[in-house]
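Below, chain A partners chain B and then partners chain C, in two separate complexes.
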Partner chain A sequence: MSQEAVARSAAIAAKKKFNWQLWGLLFVLPEIIIFLMFLWIPIVKGVVYSFYNVDFVNGNSFVGLQNYRDVVSSEDFWMAIRNTLYYMFLCVIIGFWVPAVVAIAVSELKRFQGLARVAGYLPSVIPAIVLYGMWVWFYDPIGPINTMLTSLGLEQIDFFSKGMSMVSIVIMETWQNFGGAVLIYIAAIVGIPKDLYEAAEIDGASVWQRIRSITLPSMKPLLILMFLLQIINTSQSFQAQMAMTGGGPDNATLTYLLLMYREAFTYLHFGKATAMGSMLFGVMVVLSFLYLKLQRRSETA
Partner chain B sequence: MKKLTAIASCVLLTSMLVTACGSGGDIKEPASNNVSSSTAATSETNTSGGDTAAAGETEAKQEPVTITVQGQKPDKKEAIEQLNLKIDRFKSANPYVTIKTDDWEYNPNEIGIKMAANNAPTEFTSYLTEGRTLAERSWAADLTTLINNWTHKDDLNPIMTKPVTVDGKIYGVPVDAYVMTITLNKKIFEEKGVPLPPLDWTWDDLIDAAKKVNDPAKGIAGFIPMGKGNEAGWNWTNFLYAAGGDVQTIADGKVTAAFNSEAGLKALQLYQSLKDADVLPKNWALGYGDALNLFNQGRGAMVMCGSGNAADAAINTGGISKDDIIVYPIPSMTKGGKHTGVLGGSFKVINPKASEQEQKTAFDWITSEYYTDDFVNAIDSEITTRKNENKIYVPQTIFYWKPESEFGKKFTDMLAKHDNVFTYDPALLSLLEGKPEAEYEAQQTYAEISTIVQKVFTTKNLDLQKVLNDAASKIQSEVYDKIQIKQ
Partner chain C sequence: MKPSERGILSEYDFKRTGVKVGYGLMCLLIALIVVSMLYPFVNTFLNSLKTTEEFFAFPAPFFPSKWLWHNYSEALTLIPIWTFLKNTLMIFAGTVVFALLFIGMAAFALSHLRVPFKKWVTLFFLSTLMIPSATYLIPNYLNLQELGLLNSYWAFWLPAGANAFYLMLMKTFFDGIHKELFEAARIDGANEFQCFVRLAMPLSTPIVMTLLIFYFSATWNDFYWPSLVMLDKSMYPLATGIYKYVVYPNSTIQWNVKFALLALSMLPPLVFFLVFQKYITRGLNVSGVKG
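Moving on to the complex of A and B:
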C-alpha cells in the first residue's frame, strides 16, 4: 500500500518535473529556431561549402581540399595574416590601455564626472560612414592636422603611406571605440567597495598608490576579459580598411577578413572565401575556449 | 486539466509562430496570384473582344505573367516619370503582363548575393564589361534565339554586341557604351593662364599640362588618377592600351599575363613621371567616387572616367558650368598615335532563373521601343523636364544603333534641339577608340595591377620592370594557370 503511494508520488513528481522541462523547452524553442536559422545552419553550410566549387545556378560540385590548397598557396593570404596580426598588435599598443586610463582618470575626477563620461562616449555615436569621411579629411594633406603641423613649422605627415596607413586606421578606431570600453571600466571601478579607498586615504596613500594597490588589482579580471574580447574583435576587422584604403597601398592594409570579402564578392570565388572563413572560425573557437578557461581560472583565484 | 489546456495552447501558439516565420517569404505569393488572376480576367475579355496586340501571339503568351524590371533610384524623378509612361504603353499593348520595378542598381559586389538569394529582377542593367562573368556563372540568360528572331537584329551596333557575345552566344541586349576619356576643368586652366592642350594630345602634353595647372598650396592637383580599389588598375589599363599593350593574351586554350610588356613598362613610367612631377593628389587612396568628388570640388584639373560620366557628376552634382567642362580622349603615347581607351557601357541582362515565358516577356519589354519614335520622344521629354530643373543632360557617345543609320540621325537631331544637352567636340568622337576589358578574371587582374599602381604612388626608387614581372608571374600561377577555357 505504502509502496504504491511512494511509487505514485514519485510518478507525480516525475510528471511535474517533466512538465516543467516541457515548459522551459517551449520557451527556448523560438530562440533555438532563430539561432538555428541565422547562425548555426549558416556556419555548418559555410564549412560544407568550403569543400565545394560553389555555383548557385548549375549546382555545386565537390572539390575536396582544392579551395584550401588554393587559398594557402596564395601570397595575399599570408600577407593578410601578417597584416591582421600587425593590426591586432597595434590595437593593443595604441588602443588597449586608453579606455582603462581614461576610466581611472574620470573616476578620480571630483567634479564634471558625468560630463566627462558623455564626452568620452560621444565618438561612438557617430555613424561609421560619417566617421570615415571625417577622418579622411583630418588626414588630408590640407586637412586640419597637417595644416597645424605646417603652421608650427613641422614636416607634414603622409597618413596613408605604406608605413603609416595601418597606424592611421588604428588611431581612428581607437578614437571611435574607446568610449564604450570606458563605460564598462567605470562600472567596474564604481563596483569597488568604497571602504577600501577610505582606509587607504586614512593610511595616507597617494593617488598613484591608490590606483596601483586598489583600482588596478580589482580591475584585473575585467582587463583580461576585455583584452581577449579585443583580440577576437580586431582579428575580424575590415570595415575601416575597406572604406579608407581599400586594402592598399600595395596591400599594406589588406586584412584577413577584407581578403575574404574580396574573394567572395569581388572575385566571386565563394568556395575559397568559405574556406578562409572556416579557418578563421577554427582560430576563433580556440580563442573562445582560451577565454572561457581564463575566465574560470580568474573566478577560482 | 487546466495545465494541459495551457500547454496545448502554448504548443499551438509556438507552432503558429514557427509557421509564420517559415512562410515569411511566401506571404507575397497569394497577393500576387490575386493580381495576376484579375489581370487574367481582363486579358480574357480582351481576347474575346477580338483584335488586341496579344491576339496575334501564341496561345502560351496570353497566360498572365509578372516581370520585375529595372527601376530608377527615387531621386531620378525625370527618369521615373518616363519609366512609368513606358510601363503604361507596354501594358496597354500587353494587358496580360504585370510589371513591377526594382530600383536595385547593378554592382559587381552584389550580384552574387542577388543570384544566390534568387531575388534579382527579371531584367536588369549591367556593365558591358561583366558579359563573360555573368555568362560563365550562368547569371545571364542566353538570348541568342530571341535576338535571332528579332526584326532589328541586324540594326545593332557591332561594337556593342561584341562584349556581350561569349563563346558564340549572346547574353544581353546592348544599351549604350563609352570609351574612357579624360575630363578637364577649363576654369582651372584659365585661372592659371594655361592654354588647353590640343585634342589629339600625347602623354607629354598630359604631363606638361598637369605640371602647369598644378597648385599644391591650394590643394589643386594637375591630374587625378584613381588609386584605391580595383579602379586603380582600371584607370591605368587605359595607358597600357594607348601604348598598344594588352592585359592578357589568349592562345592555345591558355590565358597569359601580358601587362608586363614593353607597353606596360611605358605606361608605368608615365605614372612614375606624373608622381615624380608631383602633380597627383597627395592622398593616393581615391576610389571612383573620391576622385570624382575632388574634381567636382575643383581640387583637380583633370580626371579619368568613362566619356560623359565625370562631366555629368561635375555639372549636375558639383555645380560646375557645362561650358567649363571639356572631354578629351586618352592621350596617345606619341603624336599621331591611337587614343585607345577601355570600352565600357551598359547592357540589359535577363535573369536565367526566370521562366521561359517571363524571359520572353522581359525581352519584349526591353526591346519594345528600340528603334521607335517612342524611344526618342521619351528622352526628348526627359531632357525637357531636366531643363525646368536646371539640369544638364549628358548623353553617352556610343549607342545600340549604328551611328550612321537613319535612327541615329533622328536621335542626334532631337539632341540638337535642346540647349541643356552637353555637347562633345565633334572631333573627339573620331579620335576615341574603344578596347574591351580583359576577358578572364578581370577584377582579380585589376586588383593585382592596383597594387602595382599603389607601389608607384607610395614607394620611391622602384624597379618598374621587376614590379610588373612579379605581379604578372603571381597572377599567372595563382589565377590564370587554373582557368580552363571552354573550347
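Moving on to the complex of A and C:
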C-alpha cells in the first residue's frame, strides 16, 4: 500500500520534472533559434565568405586566400589602419580623461548637480546624425566657432583640412559622448565611503592628496573597464567620418570600418569586405584573450 | 556635519582661500561646460528661424530679427517626415515586443526553470558578447537578403532578441525575484507561461524600462544599418531619412531649412529623455556596473 503510494508520488515527481524541463525548453527555444539565425550563422558565414568571391548573379566561387591577399596589398587598407589607430590615440588623448575629471568636479557640487548631469547627458540623447548636421555648421569657415575666433582677433581654423579633420571629429564625439561616462563615474564616486576622506583629512592629507590616493584608486577598476570599452568602440568607428567628411579629404578620415563598408556596399566586393571583418574579428579575439589573461593575473596577485 | 553629507572637501577646507579659489574656478569651468552643452541646441533652434541672409550674416545675430516659422513648413514639404516618423515608431514598437518576449522568456527559463544542458545554452548565448557586431554586419546583411527580409520591418523585429547583453541584464534581474513566489502561483494552478506574463514581467518594470530606453535610443539613433536594409525611401526611419536627404557631404538644402529639420528630429527624443530621465540615469548605472 505505502509502497504503491511512494511509487505513484515518484511517478508524479518524474512527470513534473519532465514537465518542467519541457517548459524550460519551450521558453529558451525561440531565443536559441533567433541567436542561431541572426548571430551564429552570420558569424560563421562571415568567415566562410571571406574565402569566396561573392557574386549574386553567377553564384559564389571559392578563391582561397585571394580576398585576403587583395585587401592586404591595397594601399587604402594600410591608410585605414593608420587612420583608425590615430583616431583611437586622439580619443584617448582628448576624450578619455575628460569624463573622469568632470565627474569628480560635478560630484563636489553642492547645488545644481542635477542640472549639470542632465546638461552633460543631453547630447547623448539626440540622434547622432542630427549632431553631425549641427557640427558641420559649427565647424564651417563662417560658422559660430570661427566667428568667435575672429571676433577675439585670432586666426581662423580650417576644421576640415587634411590635418585637422580627425581632431575635429574627435572633439565633437567627446562633446557628444562624455555625459554618459560622467554619470557612470559619478555612480562610482558616490559609492566611495566618506569616512575615508574624513580619516585622511584628520591625518592632514590635502585635497589633491585625497583625490590622488582615495578617489582615483577607488575608480581604478572602472577606469580600466571604460578604457577597454573605449578602445573597442573607437576601433569600430566610422559613422561620424562617413556623415561629416565622407572619409576625406584625401582619405584623411578613412577608418577601417568605413573602408570595409565602402568595399561592401559601394564596390560590392563582399568577399573582400568579409575578409576585412574576419581580420578585425581575429584582432578582437586576441585582445580580449589578453585582457582575460591580465585580469586573471591581477586577481591572483 | 554628518559624514554622509561631505564629499572630498569638508566644511573645514572651505575656510582656506586656496581651496575657495580652486572651488570657484571649478564651478566656473562646470558652468562653461554646461553652457557649451546647451548652446548648440539653442543655436540650432534659433538658426532654424532665421532668413538665409541672417544665417550667413557676419557676425551672425544670436536671435533672429523675425521668427520665421515658415522654414518649418518648407522643411515638411522637403522630405516625407511623417512617413519616416511612422517607420521609426513601427520599428521601435515591433522591436520592443519581440525583444521583450523572447529575451524575457529565455531569461526567465535560465533563471527559474529547468533547462536541459543549461550550462551549454548559457554559453551559447553569452559567448556572442565577445564578438563585436561590426565584424559580422556584412554577412548579417547577406543573411537577411537570403532570408528575403530586406526592405521589411521584420528585418528589425526578428533579430531584436539576438542580444546577449540585454539577456544577461534581464536574467540578473529575474534572479533577484524569490522562487517561492512562483511556487505559490504554481500551487494555485498557474502554468509557467502565466507565471512569466502575470508575475515575472510586472515585477520587472525597472529593467523593462531600461531596455525600452536602450531600444528607443538605438532605433532613434541608427541611420546607417537601416539605410542598407531598407531599400525604398518609403521604408526609411527618420534618422536614415535625415542622413540620406539632409546631412551628407555636399548637401544642397538651405541651412536655415536644414536646421529646422534637425530641430524637428531632435524634439521627440528630447521630450522622451526629459520624461524618463530618472529611468535613464538608473539604466546607465545598471549597464555601467555590468560593463
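Throughout what follows, the second predicted complex is superposed on the first by the 259 of 301 C-alpha atoms of A that agree within 3 Å, B and C clash if a C-alpha of one lies under 4 Å from a C-alpha of the other, contacts with A are read in each partner's own complex, and residues count from 1 in each chain.
One rule holds for everything that comes next: a residue touches a chain if its C-beta (ideal position, glycine included) is under 8 Å from a C-beta of that chain, and two chains touch if they have at least 3 such contacts.
A quick note: this is a predicted structure, and the numbers were derived from the prediction, not measured.
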Touched partner set for A:246, first chain B, second chain C, both or neither: both
First, second, both or neither for A:274, with chain B first and chain C second: second
Partner chain(s) touched by A:232 [first = chain B, second = chain C, both, neither]: second
Touching partner for A:161 - first (chain B), second (chain C), both, neither: first
Contacts of A:58 with chain B and chain C, given as first, second, both or neither: first
Most chain A residues touched (candidates chain B, chain C): C
Contacts of A:288 with chain B and chain C, given as first, second, both or neither: second
Chain B versus chain C as contact partner of A:215, first or second or both or neither: second
Touching partner for A:141 - first (chain B), second (chain C), both, neither: first
Touched partner set for A:87, first chain B, second chain C, both or neither: neither
On chain A, positions contacted by chain B and by chain C: 23, 26, 30, 37, 136, 142, 244-246, 248, 264-265, 270
For the chain B and chain A complex, residues of the former touching the latter: 3, 7, 10-11, 14, 17-18, 21, 108-110, 112-113, 115-116, 133, 137-139, 216, 219, 227-230, 232, 281-285, 287, 352-353, 441, 443-444, 447, 450-451, 454-455, 457-459, 474, 478, 482
Touching residues (chain side chain A, partner chain C) in the complex: 17, 20-21, 23-28, 30-32, 34-35, 37-43, 45-46, 49, 54, 102, 104-109, 115-130, 132-138, 142, 144, 147, 151, 175, 179-180, 183-184, 187-188, 194-195, 197-198, 201, 207, 210-211, 214-215, 222, 225, 229, 232, 236, 239, 242-246, 248, 257, 260-261, 264-265, 270, 273-274, 277-278, 280-281, 284-285, 288
Residues of chain A that touch chain B when the two form their complex: 19, 22-23, 26, 29-30, 33, 37, 55-58, 70, 73-75, 136, 139-142, 158, 160-162, 165, 244-251, 262, 264-268, 270
Complex interface listing, chain C residues touching chain A: 3-4, 6-10, 12-13, 19, 22-23, 26-27, 29-30, 33-34, 36-38, 40-41, 43-44, 47, 56, 58-60, 101-103, 105-106, 108-110, 113-116, 118, 121, 124-125, 128, 130-132, 134-143, 147, 158-159, 161-162, 164, 167, 191-193, 196, 217, 220-221, 223-224, 228, 238-239, 242-243, 246-249, 255, 258-259, 262, 265-266, 269-270, 272-273, 277, 280-281, 284-285, 288-289, 291
